[in-house]
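What follows is a pair of complexes built around chain A, which joins chain B in one and chain C in the other.
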Partner chain A sequence: MESRELTGTRGAEAGTAPPLLAVEQLAIRFHLYEGRAQVINAVDLTIRRGESVALVGETGCGKSITAKAILGLLPANAEIVSGRITFAGRDLLHLPAEELQRIRGRKIAMIFQDPGTALNPVFTVGDQLLDVAAWQGARRAPLLRRRDGALRQRCLEMLRLVRIPDPEGAFRRYPVELSGGMRQRVLIALALLGGPDLLIADELGTALDVSIQDQILEELRDLVHTRGLSVLYITHNLGVARLVSDRIYVMYGGEIAEVAPTGAMFARQLHPYSQGLLAAVPRLTGAIGDGIEGRIPDYINPPPACRFAPRCPFRMEICDRQRPLLAEADPRRWVACHLYPGSTR
Partner chain B sequence: MALLESTALVKYFPVTAGLLHRKVGDVRAVDGASVTLDEGRTLALVGETGSGKTTLGRLLVRLLEPTSGRVFFEGREITRRSESELRPVRRQLQMVFQNPAASLNPRRRTKEIIEEPLLIHNVGTPRQRLRLVGDLLERVELPPADFLFRYPHMLSGGQRQRVAIARALALSPRLIVLDEPTSALDVSVQAKIIALLRRLQRELKLTYLFISHDLSLVRNVADAVAVMYLGKVVELAPAETLFRTPRHPYTRALLSTIPTVSDEEATLIPEKIVLQGEIPSPARVPSGCAFHPRCYARIAGCDRIVPELLPVGAQHHVRCILYDPALGAPGLPARQSARPPHSEQTGAAAPMDRPR
Partner chain C sequence: MAEITIASGEPRVTRDREWRKVWFRFRQSTLSVLGLGLILAFVLAAALAPLVAPYPRHAGVFVDFDHALQPPSGRNWLGTDDAGRDIFSRILFGARISLTLGVVVLLIAVGLGVPLGLIAGYWGGRAGDWIMRITDVFLAVPPIALALAVTAALRPTLTNAMIAIAFAWWPWYTRLVYGQVLSLKEQQFVEASRGLGASRWRIAFREILPNAWSPIIVKITLDMGFVILTGAGLSFLGLGAQPPTPEWGTMIAEGRTYLPGVWWAATFPGLAIFVAVLGFNLLGDGLRDVFDVEIEQWRAAN
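Then we have the complex of A and B:
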């Protein structure tokens, strides 16, 4: 908590340098039995070097799909309709598969969500680390290379880095022999092995108890700061986003509703959805809002203009006619809502 | 008046090994829990995974048989009654489970799901039952015309949990055990379900046992809170008291690690307490105070003396020898931050160097 002032401004210093990751006007649809679902709609997202960004939203808002699109891991029935994803100046969407392989897992690494299922139960932790460390193409690395002492050292080093108490012991163990917290740490070590510039953390720690979640989030936050990594946190937990991120993107119905520096977002929310979402979070001081009426949009027949309009307490006539644009409402704050003049054409 | 009360409730699950499944130990899921549920009020059981909160909830409504200890409903013991003697009591005690996707039969329609308890207890004629199911759906704010004949997969998560609540209400119970009723839901839906549960409690004078790992949520629903750690209640207090003046080192640590969304919440527990390690397995409970290996306020004797639940204020009980008058009741030291100031402000020490 002590770093609140610090985190609010750190992103801005990078100012004019080109972002490490830029998602521009991304649109993705899914071909389903019921029809074509327009899930991701004109999503813009940038992450600067050394910046931690949180993408928050509720179930079905498209936050995980966005992450999968960045990694090129969309399911077969997904179709990228338009948009660009650039990472360190390279267009990820039009990269040959082989080159994408060299970036994915190395330069962009994913920390998986469920420590219970993301590790293979029939191989030891060490085997799985070595596999990733020795990876040199599409195939499993030859056994000889995996016996390499230097590789082993690098893996142990990673386990130490994520503060696993007995790295040698953990290296020999199977995932089931480790606690949930330790497995999550192994997953972080796996992601760090390739020396990534960008980490994508999907619901990190939300499957764990709060005391363990807190340890892991704080340790990762420190690790990220000292190594100057960029992180995209995907989370539905606003408290977690507040703890770890410099900037927050609020997503609703496959669109970005609001973007703001973390401190500013929690001080005042501009978009009615952000307001409703934050009000619904139970507080330790004994306050809980009423929640938000209705449910997430049907992606096959989404609302014609603003996707939040049917649930919005401030709905106006224009909201059903014209899609609000993501526009700068305050310095460094962007919102897509007709309540703010910039969003209306 | 106490509606439901337990004294020294214990549940050990045997651990077996080998070909003959010989018993080699016990998982001490619940180890001597005495709790009281007052009529029309909400008692929350909070704790981390493995603390025994769900087991205790199930023992209290006799979904599980206790190893020892007694449960009283309206002053009468229900622990030693046979299943047929228990029937009339069962109507009074209902349960809502955590994951509505798993607790509703996917092959039954809403109407059949809610009607099931009525059938089991031979309530009414088919016509009366249909009307009753309609009324119950109205109560949980689902228009019957729309929802009577839907299958669970045609409902959203929030709607499913409403159906589960309607089913629990079918027999007009006095007490409902809510086992993590909203943890599978999004916050905007959770807030709606909580509002519904509060309204139902007011209208029907219900008593709730609310089981949750989410302290922020508990703060908003409970009248009294029991914090559990490895099968034991370590702190018991009215909600206001517990959140304003938590006494047990574990409760303080737990409160300080909750990710919050406002600065006012952070002022409740000003210092951040990071616990060492993880909750041990209930099959290997540490000696003395079960919390002592992770405790930052540990004193000599914590590893030997099994602490009792001691009164420290109005209806406020703590299981910690720091509050034992026989030891001079030293209480918690004023500053119990378990770690050095955060390293990132100075930008010096790498996280690796921080002592564990």
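Then we have the complex of A and C:
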């Protein structure tokens, strides 16, 4: 499939090294009362070592479902119909539950979006860090050694790393005693604690002040660059994607609409949906953009071919007949739209 | 060096202040403080019975017919019973039995009910359904009736009464915890710890259970009174502690035959039960108010 050839800015330099994470032709459906919803449809996504990728789309386009599929945390009514998810050469979809549990946190860690609720309210920050450090480390850490000693030092080190001003103080406080920004930093520290290769940041900082969000995103960006980590940012905010990512995947209706290096994406969008998405971003100067007409598609009875066709200003006859395939339109740029000859095959 | 001391010393002040805040909130209600006072007196009576009681020997097998059925006086503050035993001393020793009964029954009920509720709520599935349907069957029968049936089937002893009450009591904890878990497991911190590789056991017992403790503690406090009442009821009917044990229910049963003339033999043990149950109820209500405020504040903060 063409997806193997998708390479990022740094991926190109890495040559033919296999990607850290490869999602291939992933299809997921949900069993609902109303029927079967084909939510994720033939999604391809690759992340190379040290690469930051942003998955961008409207609420409900399937970004978070894709992330949960990677972590093996899909809800019970979700079914993976087909596809492969390979991480560091291992097939995640056919791994026993215990193996997958060992990968979560240690190899792939998730940073959750809402710092207000993602920390357990009844434990101090330090206890939560120690707990995670203890269970991810040796099978059983002796209780007495947990309070002081190496584990504690490592946890404090992490708090320092995410730039919490008073690590000792934060360590002994309850989550409610910290500000939203501090809690978000603690969540990042928790995710980094297991020394993962891949971080998944789901709507990171969306619940925060914009200025604090930017600050945290920039710090995280620098942190992952110096440590050579790979990151999958899940966001509906193109500004965030521009700030942190090397490459952007635009997702619409459970399908990948366009893939491009971040700079190229902002210079020119190929897919009509990407164009609409960017036009919808409010700016300080000029009028508010038109946005995109209509709503995300019905997943139970999706549009027959191109899922974006009903909302597309360039809709053609073929768009209702044939599904556009993701094809290379420019060097390192991939798009699934009949406006580009490669997609019509 | 000095900096570290300051940094680590300060949060302790925070936690100290936290406790003071809880105590302040609890103190707002005179009735809660009264409940706490009654319970403290009850526990002290149980702990210090051999030291405080004027006639410690009267708690066991003891007969002194010369002083039988004496009204309250300077010698016997609460009078004597038909065997000439000092009722005040026996009530103090009775506190030990009631307290033991309450603690043992609730230890069993909580130890059984809470894990079952956690499993049914968090694991769910077929096993969870079975646990909850069995729980429903138990809940359909009033605890006192169930306990009566069990003690009637076993030999009537204090130990069997405890077993019977515990047998009837655990489903209430399963129900309570089940409901708590159903809402807690949808919280994001549960999913977050799954995302960090926590196992199901760890999530159930280390993440969810600690968040469910406050309603459990309130229920334990309120239940202490009811369990003591139920235990006394069984003993009163002759299905629990047997004479000459200074159990409050047994004492009422023994003194009942001399009513109304010898009113003190049944009335004072009855008052002891009343005070203990009232104390636990007031304390439980007070604790619930304190915890409710905390929960509300936590919700408001998020």
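We adopt the following convention: the second predicted complex is superposed on the first by the 320 of 345 C-alpha atoms of A that agree within 3 Å, B and C clash if a C-alpha of one lies under 4 Å from a C-alpha of the other, contacts with A are read in each partner's own complex, and residues count from 1 in each chain.
Everything below uses one rule, namely that contacts are C-beta pairs under 8 Å (C-beta built on N, C-alpha and C of every residue); 3 or more make two chains touch, one makes a residue touch a chain.
Keep in mind it's a predicted model, so treat the numbers as computed, not measured.
In the three-chain model built by superposing on chain A, chain B fits alongside chain C with no clash.
Contacts of A:V176 after superposition on the shared chain: chain C is touched, whereas chain B is not.
Once chain A of one complex is fitted onto chain A of the other, the partner contacts of A:R242 are limited to chain B, with no touch recorded for chain C. Contact with chain B, but none with chain C, is seen for A:T226 once the two complexes are overlaid on the shared chain.
In the overlay built on the shared chain, the residue A:E58 is in contact with chain B alone; chain C does not reach it.
Judged by the touch definition given at the top, the superposed model places A:L32 against neither chain B nor chain C. In the superposition on chain A, A:A118 makes contact with chain C only, not with chain B. Remark: in the superposition on chain A the angle formed at chain A by the CA centres of chain B and chain C amounts to 80 degrees, rounded in steps of 10. Of all Cα pairs spanning chain B and chain C in the superposition, the closest are 5 Å apart. Across the complex, chain A is touched by residues 48-49, 156-158, 186-192, 194-195, 213-217, 219-220, 239-240, 243, 253-255, 257-262, 264-266, 268, 272, 274-275, 278-279, 341-345, 350-352, 354, 356 of chain B.
If you check the complex, the residues on chain C that touch chain A are 4, 7-8, 10-12, 14-15, 187-189, 191-199, 202, 206-207, 210-211, 213, 298, 301-302. Taken together, the chain A residues at the contact with chain B in this complex read 1-3, 6, 58-59, 160-161, 163, 165, 179-182, 209-215, 217-219, 221-223, 225-226, 236-240, 242-243, 266, 276-292, 295.
Interface residues of chain A, counted against chain C in their complex, comprise 71, 73, 101-106, 109-110, 112, 114, 116-123, 131-132, 135-136, 166, 168-169, 172-173, 176-177, 187, 190-191, 194.
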